[in-house]
Amino acid sequence: MRRLLSEIRIAGFGGQGVILAASVIGKAVAIFEGGYATMTQSFGPEARGGSSSAQVILSSDPILYPYVSRPDILVVMSQEAYTRFTPQIKPGGILIMENEMVQPGQTSAPEGVRVYGVPATRLAEELGRKVVLNIVMVGFFGAVTNLVDPDALRKAVEDSVPPAMQKLNLAAFDKGFQYGAELVHRMSEPETELVPAQEGDA
Amino acid sequence: MAKGFVAITVERCKGCGFCVEFCPTKVLALSSAFNSKGYHAPQVVQADKCSGCDLCGMYCPDFAIFGARHAR
Amino acid sequence: MSECLVDIPADAVNPVEPYLRSERIPHIWCPGCGIGTTVNCFARALDASKLDLNKVAIVSGIGCTGRVAGYADLDSFHTTHGRAIPFATGLKLANPELQVVVYSGDGDLFAIGGNHFIHAARRNMDLKVICVNNLTYAMTGGQTGPATPDHVISTTSPYGVFEPAFNLVQLAEAAGAAYVARWTTFHVKQLARSMEEVMKKRGFCFIEIISPCPTLYQRRNKMGDGLDTMKFYKQVSKIRNGAPTSECGLTKSGEIVVGKFVDRDRPGYFEMLNAQMTESLGDRYVIPEASSCGDC
Amino acid sequence: MVERFAWRIPTVGGVFIQMEDELAASITMQGAVWGGAKAFTVTSGPGFSLMMEHIGYAAVTETPCVFVNVQRGGPSTGLPTLPAQADMMQAKWGSHGDYGIIALCPNSPQECFDLTIKGFNLAEEFRVPVMLMLDECVGHMTEKVVIPEPDRIEITPRRYTKKPANEFRLFEPREDLVPDMVKAGDGYHFHVTGLTHDERGYPSMTVDTQDKMGKRLLDKLKPFTNGRAIFEAENLEDAEVVVVSYGITSRVAQRAIEMARAKGLNAGKFRLISAWPFPEQHIREMAAKVKAFVVPELNLGQMVREVERCAGGAARTIGVPHAGGTVHNPEVILKAIEEAVR
Amino acid sequence: MVERFAWRIPTVGGVFIQMEDELAASITMQGAVWGGAKAFTVTSGPGFSLMMEHIGYAAVTETPCVFVNVQRGGPSTGLPTLPAQADMMQAKWGSHGDYGIIALCPNSPQECFDLTIKGFNLAEEFRVPVMLMLDECVGHMTEKVVIPEPDRIEITPRRYTKKPANEFRLFEPREDLVPDMVKAGDGYHFHVTGLTHDERGYPSMTVDTQDKMGKRLLDKLKPFTNGRAIFEAENLEDAEVVVVSYGITSRVAQRAIEMARAKGLNAGKFRLISAWPFPEQHIREMAAKVKAFVVPELNLGQMVREVERCAGGAARTIGVPHAGGTVHNPEVILKAIEEAVR
Amino acid sequence: MSECLVDIPADAVNPVEPYLRSERIPHIWCPGCGIGTTVNCFARALDASKLDLNKVAIVSGIGCTGRVAGYADLDSFHTTHGRAIPFATGLKLANPELQVVVYSGDGDLFAIGGNHFIHAARRNMDLKVICVNNLTYAMTGGQTGPATPDHVISTTSPYGVFEPAFNLVQLAEAAGAAYVARWTTFHVKQLARSMEEVMKKRGFCFIEIISPCPTLYQRRNKMGDGLDTMKFYKQVSKIRNGAPTSECGLTKSGEIVVGKFVDRDRPGYFEMLNAQMTESLGDRYVIPEASSCGDC
Amino acid sequence: MAKGFVAITVERCKGCGFCVEFCPTKVLALSSAFNSKGYHAPQVVQADKCSGCDLCGMYCPDFAIFGARHAR
Amino acid sequence: MRRLLSEIRIAGFGGQGVILAASVIGKAVAIFEGGYATMTQSFGPEARGGSSSAQVILSSDPILYPYVSRPDILVVMSQEAYTRFTPQIKPGGILIMENEMVQPGQTSAPEGVRVYGVPATRLAEELGRKVVLNIVMVGFFGAVTNLVDPDALRKAVEDSVPPAMQKLNLAAFDKGFQYGAELVHRMSEPETELVPAQEGDA
C-alpha cells in the first residue's frame, strides 16, 4: 500500500447509500489491497429520514480503535452533514462534497483543506437511477484522493451490489471517477499523495 | 380566473410525483430544480385549471401541498 | 413558508395541518411511502367526524407505521411491538368516553400482535384498528411478514416467500370484528369515508390499507417506485363492497379486492359487561366511569 | 387475589379484565394508568418473565403501576405453588437496559395488604413500576388481616400537572426529578413513547438525550435509597452478627436469632422490606460495626451478592442458600450464625 | 445476520424459519435442538426481554442452544441501532429462578464469528443456553473476517448417550455433572419438562429434587468459572490499575490504556470475553495486587457491581458508566485511570 | 394386580397400557375428569394407525391437559404455557420424519397460545393438534378462558361470563387448518377414528374435544359430576359432519355440534418449502433431513 | 359362557361410574366397598353378559378397567 | 381462651378439603375467639391428585414462626398421611383419623398419644355429598379435642362456605361433632383439657 493510516468520514442523509459507499472503500483496501479497514456506521433509526454517517479507517496494520474524531477526508452529501462535520477535518485534509446538496461557505474548513465538489445526484440521474449517487461519489473520491487503487475500488463496487445492478453501478463509478479526474486535471494540480497533514502543508 | 388554488411547501416535498399524477386537471409538473434535500418539487404549470379539489393534498405523503377553492 | 405561483389567501392552511405536530414535520418516511397519504385521509376523517379531539387517543405499535402516533396531534401512544391493542384496551377500560384508534403496521398487528388482535375482536372491544399493510416489516429492513404474498422476495425470503399469507380481512371477520374494510392508498376518498364511518361505529372495527413501501418492498421486487405502485393499485383494484372475505386473499401482482366487507351489529364490550353485571348484581353494580386518581 | 378482585371490583366502580396472556396484562395495565386509573397485575414466575419487556416500558414512560409476583420454585415451570425467593434479581435486572424500580417483600398476609397500598403510593410518588415480591408461603398463608376503614388508609393521589396544555412538557421533571402526570382526554395532546425521548416526550435518539433520560430514571430514586429504605432492625446495638433476610424467610430467621440469643450469641436482625433499591448505606454502616452478615434466602444466592458487595470486605458475608420448595430449617441458619461469630 | 443466514442455509441442508415473534423463535429453536439440530436465535433488546421465559426453560431442560442479543440503548425501544451494553445483568438474571448460563462478548466482527462457534461448542459441552452479547457497534462494524475452511473449524459434537433405552435416564449426570443428550425419534421415549424433575426427567415436586436439580444446574458450570473463563490480559505484571472491560468498550479502553502508559501510568488490561459465569477468582487475585479497578461500560453500572463484589474492598472499584448511544471518549477512561492511581 | 370376578387370561393387558408410562399411573386427574378418556382414544388411534412409535412425538403446553405428554410412552415434551405449537414446529423442522402431535388445553392453545395456533395453521405446518376443551383454565383453579361460554360462572367471572367465546373450529378453519373436527368425551369411538385419520393426513390438523372438568367447571355451574356431564353430552350432541364451522358455536347448555367439519387438501409446509427452493435454487438446494449433530 | 371378560384394577379406580353407565350390557355396578383412596370401584354383576367390547376401557379415565373377547 | 399455643397438622389427599378444614379451625380462633392463628398449606400442584397437608398454629399471642415440626394434634385422612406424619406427633398429643381411609398400626405413634377415629367419608356420604367429609372431620375434631369453642367453630364453618352450601356443611359439622362427643363418652373418659405434653402424662 502507498499510505499510512487514513481516517475517512462519509455523511449525508439516509437513503443516499452512505454506508454502502463507506464499505466499498473499506472493502477495496481490506479485501482487494490486502490491507486493513474498519467501517463503523452511526445512523439514527430514521435510517431513511434522518442523517446517516459512516467512519472508515484504512491502514496497513490491524486497527484497534475504530473511531474517527478528526478525519483526513470528509465526504458530505447533505448541507447538515457539511455544517456538522467540516470543522472536524484535519488541517490539510480533504473535503469532498455533493454540489447539488451542499451550499458551501456557512462553515469554514480548517486551514489547508482541499475542497472538491461533484454534482453526483445529477450525474446519477443522467444514468437513470438517482440511487447510484453514492457510487458516483466513490468514483469521484477515488479520482481526487488517489488513496486507493482504482481497480481495487472498482472490484469492491462489483463485489458489493447484486449482479443485476453491477453494470449500472460500475457505470456510476466510472462517471464519478472520470468527473473527478477531469476536475483534478482542470485544477491543474499535480496529483499529490495524501500524506499526514503537517507535511501536507509543505 | 381559476376556481381554486394550490399551495406547495417545497422544502417538505420528496418528489414522489403523486400530486402531479393524480391532479385531475394536470395543474402540476415536477420542477427541474432541487430542494435542499435533492428532490424535485412540483410547480404549477396551469394555475387557471386548478379546481381546488385538494386531491393533491390528500395524496401528498409529505403534507407538502394542498389545494382549496377560492372563497367566492 | 408556502411558496406558490397563484395568489393564495394569507389565511390558507393545509387541511391536514391542525391534526399534525407540525414541529415534527418533515417526518421520517421515505419518498413515495404511502403512510403519509393514509394520515391525510385520517385527518380528513377526523375533521368530518366532528369529534372532540381532546377525547380521541391514538395508539401505535412499533414500525414505520408505528410512528404515526408521534405525528398526530392527539393524546398519542407509541407502545411496544405488537401491543398497541392491549394498551388501547386498557386506555378504553379506564376511560370509556375516549375514542381509541389503533394505527399500526401489518407485522405489528398480525405477526407478534396477532393474538391480541383476535382476542380484542372476540371481545368486540370498542377500538378502531387501522392497519397500514405494506406487506412487509419495513422499519427493520423489509423482512417477510404474515401478510407478504407468495413468491415475493424479502431479506428473510431471498428465494421467494412460500408460506401462505394471512387474509387479514377474513381473519378479522372470523375473530368477530363488527366492521371490516380494505382500501389502497390510491383510494383516498373511499378510505377517508371508511375512517369517518368507523368513528361512528360501535365495537371492534378494522380497516386494512394496502400501501407502498417503495424503498424495501417494491424496489426489491422490481415493482418500481411509489408512483408506479399507486398506478398499479389503480389498475388492479376492484371495488366489491360486501364481498365474502374468504374471496379477498392477496397475491403479488393479481387483483386487489377493496371495499367494505363487513358491517354488522354486535353488542360492544361495555354493553355486554353492563348487561351481565346488572343482571347478576342489580344496583350493587357500579358502572365504571372515566376514573381519575387525582381525587381518590 | 385475582379471584377476590374479580368478585369485588364491579361493586366499587372498578374494572377487572382477564387478558389473553401476561404480555397483554402488563401493558393493558399501563394503558389504564394513562387513561387515569390506578392499576396492577398479578402473576407468578413464568408470567413474570413474560412481563419483563413491559417493566422496561413502564420504567421509561414513568408509568406508575404495581406488578405483584408470587415467587415459586424455579426456573421455568419449576415448583408451582411451592415457595421460593428466586426472582429477586430478576425484579431489578429482568428487562433490557438500565432503569429503576422499587421492590417490596411482605412477610405476612397483613403486610401483603399494607405493602400493596404502600406500593401504589410509592409508584405515584416516584413514577416507577413497583414490584410486590411475594413468596408462595406468604401467598398461601392464612392469618388475620386487619383492613382499616377506607378513610383511614393513606393514599398518595396521582400528581396531575396544574399547567395549561401549552406550557406543559410531559417529562419535564420537578425539583424531585419526577415529572407531573397527565391522563388521556384532558386536552394535553401528549405523546408517550418507549424510544429515548426528550422532555416533550418526543423521540430524540441522541447521546445527550439518552444520557439525560437514562440517568434521571435512576437518580429520581436516590432519595428512596438514601433514607427512605424500608426495613426492620432489631438488636443491632450489640450485634456481632446481623442476619439479613426478607419475606417469609425473615420469620424463620427470627426463630434462628432467638435460638442464637438463647445461646448467648449476639445476633441482630435486619429485615429488608424494600429490597430494591438496595439499602447500600445501611449495609455499609453495619459492615463497619459487625463481624459478619448471615443472609438466608430461598434461592441459591441473590441478594447476598448485594450484601457482599456493600460489605466491601469490612464484614464477612455468609449466604445460607436454599433451592426452595419449603422454608429453611431454623437450625441451618443458627449454624451459620454460630460459624459467623467464630 | 438473519438475512445472511436465510440466504445461505437452504444451500447447506439447514432450515431457516422466521417465527411470528421472539416467544416462538426462542422455543422453536429448542424444539429443533431436541429434534437433533444445532440451533440459535438472534434478537435485540425488546426481543431479548421476550425470550426470558425460554432462557429458563433451556436452562432447566439443559437444552444446548445459542441466544444472540445485539444490545441497543435501552430501556424499552430506546435507541434502536445505537450501541449499549446494558443487558449484561439481564443475560444472567432475566428469567425467574436460579440457573446458570454462559455469556460471551465479542469485540470485533472476527470475534463474532469465532465466538459464535465457541458458543455452540460450550452449549454442547455444558448443556446450557449460551448468550452471545453483541453491542450495536460490533453488530454494525465492518471488518475483514477470516473464515477458516470448514474442516479447520473445531466443533464439539453433541454427546449422545451410548446407553440402550432401557438403561438410559435423561438427566443422569456424568461425572462432569452434565447428562448425555438424546434426540426425538431414536426410540428412547424420553420425557422433557420445565417442572422440577428427577433424573428420569419425570416431574418430582419435592424439596429434595429441587435442591438436587437446582444446585447441579449451577455446579456443572464450576469448571468453567474456575479456570475456563475466557479473557484477555495485558500489562498485569506491573499494573497499579486494571481496566476491566468487554465488547466494543474494550477497544476504547485499549486506547485509554495506551494513553495512560504514554503518561507513565501503570495501567493493565483485563478484557472479559466470557462475562458469565463471572471470573470471580481472577478478580479476587488481581484485587490483592492492584490499587484499583476501572470499569468502563456502556451502561449505568452493571458488571462493575460484580467487580466491586469480588474486589471485596481489597482494591478500589471505579465505574465509568455511559448511558450508551455511542462509545466512551477515551479521555474519560483515562481520567478515571489517573484518579485511580492517585 | 388386576382383581376380577371372571376368569381372565393371564396374558390379558389393558390395550392402553403399552402407550402409557405405567410407573406414573395413577395420574393426577380428578375423578370423572375427561382427559384420561381422551388418552384412551389416542392410544387406540396410535394402535390402529400402525405408526412406528419411535417416530411419534407428543408435545404439550401447561395445564391439566398439558400433563398428557408426561403419561404417554413416547418422546414427549411438557413445554411452557402456550408454546407447545412453536416447540413442535422446531421438532418437526429438525426431523421431518417425526409424526408430531400437540396435545393441550383450550387455555394453553387459544388464550396465551392463540397466535402460534393461527400462524401454524397459516403455514399448514404438519402438526396434529388435539385440544381438550374443558371450557376453563382448570389447572389454576377454573378461570374463564377464551372458550368459556356465555353466563358460565368461574373464579374470574363470579357474575357470569359476558365476553363472547371463540368458536375454535371456525377460527381453525379461517386460519387455514387442513382438517378440523370436534367430538366430546362421550364419542369415544368417533374420536378414536378422527385421531387415527389425522395420523394419515398431511398438514395442520385440529381436533377439539369437549371434556368434563367436574371439579371446577361443572360443579361451580351446578352441572353435576363427570358422569352427569357425559350424560349431558350424550343428550345435547348432534353429529353434523361437514357442518359450516360458523354454525358450530357453543353455549352453556345448548346443542353441541360434533363431527368432522373440514378435510381439505392444502400443500404442507415442507412441500411448499421444497417447491419454492427448488424453483429458485435448482440443484443448489439441499433438502433438509433428519439432522444429527453427533456426527457434524 | 360369556363372549368376553372384563378386568378391573381396583386401586386405580376413582369411582366415576363411566364404565357402569356406558356398558351396553350392564355387566357392571359400583361396589359399596372403598378402595384405599376412598372410592367405590365397579364390580362385575353379570359376567355372562360381557361381550368384551371394551367400551368400559375406552371410557375409563383412570385406565382401571378394560374388556376383551375370549380367544375362541 | 382456654389454652396455650397449640400446633395442628391436617393431612390427606387433594380433593378432601384439607385446606378448608384447617382454615375453618384457624378462623374459629382468630376471628370468632379473638385469638391468633396462622395456617400454612403445603400441597403439590397435583392439588387434586397428590397429597395435601396444612399446618395450623393457634395461640393467644401473635405468632412469629408459622411452621409446625411436631404437632400437638394430627388429623389424617389418608394412609399416606398417617404413615408419614404419625411419628411426628408430640408425646401425649392427639391423633385423629378417618377410619375408612386409614388402617392404623403400620407406624407407631409416640407414647401417650390418644387416638380417635371417625368414618367421616361414610358419614358425609350419608348426607349425600362426599365432599363435606372435611367438615365432618372438623366437627369431630371439635368434639374430641375440646380445644376450640364449638360455637366459634360452627360460626367459622358458616363463614367459610358459599350460602348455598351452608346448611349441608353445618349438618356435616354437627354430625361429626355428635359422633365425636358420643365416642368420647363411650371411651368414658372424663373430658380432659389439652395441656402441654409432659403435664398431660401426669
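Per-chain residue numbering starts at 1, and chain names A, B, C, D, E, F, G and H are given in the order in which the chains are listed.
The rule we apply is simple: a contact is a pair of C-beta atoms (placed from the backbone, for glycine too) under 8 Å apart; a residue touches a chain by one contact, two chains touch by 3 or more.
Everything numeric here is computed off the predicted structure, so don't read it as measured data.
Chemist: Given the touch definition stated above, what is the smallest step count connecting chain C to chain G?
Modeler: 2
Chemist: Using the touch rule from the top, point out the two chains with the most contacting C-beta pairs.
Modeler: So the chains sharing the most C-beta contacts are D-E.
Chemist: Counting in whole Å, what is the centre-to-centre distance of chain A and chain B, each centre being its mean C-alpha position?
Modeler: Averaging C-alpha atoms per chain gives centres 36 Å apart.
Chemist: Could you work out how far the Cα centre of chain E sits from that of chain H, in whole Å?
Modeler: One centre to the other, that is 53 Å.
Chemist: Just give me the whole-number Å value for how far the CA centre of chain B lies from that of chain F.
Modeler: 60
Chemist: Distance from the CA centroid of chain D to that of chain G, rounded to the nearest Å?
Modeler: Spacing between the chain centres: roughly 56 Å.
Chemist: Any chance you could list the residues of chain B touching two or more other chains?
Modeler: none
Chemist: Mind pulling the residue numbers of chain C that touch at least two other chains?
Modeler: Those would be 26-27, 29-31, 62, 78, 80, 82, 111-112, 114-115, 119, 146, 159, 277, 281.
Chemist: Name the residues of chain A that each touch 2 or more other chains.
Modeler: Residues 44-46 of chain A touch two or more partner chains.
Chemist: Using the touch rule from the top, collect the residues of chain F that touch chain E in their complex.
Modeler: Interface residues on chain F, with respect to chain E: 21, 24, 53-55, 57, 59, 62, 69-70, 73-80, 82-83, 86-95, 97-98, 115-116, 119, 277, 281, 284-296.
Chemist: Chain F touches which residues of chain E in the complex?
Modeler: 10-15, 17, 19-21, 23-25, 27-39, 53-54, 57, 124, 155, 157-160, 183-195, 202-203
Chemist: Sort out for me which residues of chain B touch chain C in the complex.
Modeler: Its residues touching chain C are 2, 5-12, 14-18, 21-22, 39, 43-44, 47, 50, 54-55, 57-63, 65-66, 68, 70-71.
Chemist: Would you tell me which residues of chain E are touching chain A in their complex?
Modeler: It comes out as residues 79-82, 137, 140-144, 251-252, 254-255, 326-327, 330.
Chemist: Under the touch definition given earlier, write down the residues of chain C that touch chain E in their complex.
Modeler: Residues in contact with chain E: 62, 78, 80-82, 111-112, 114, 141, 143-144, 146, 155-159.
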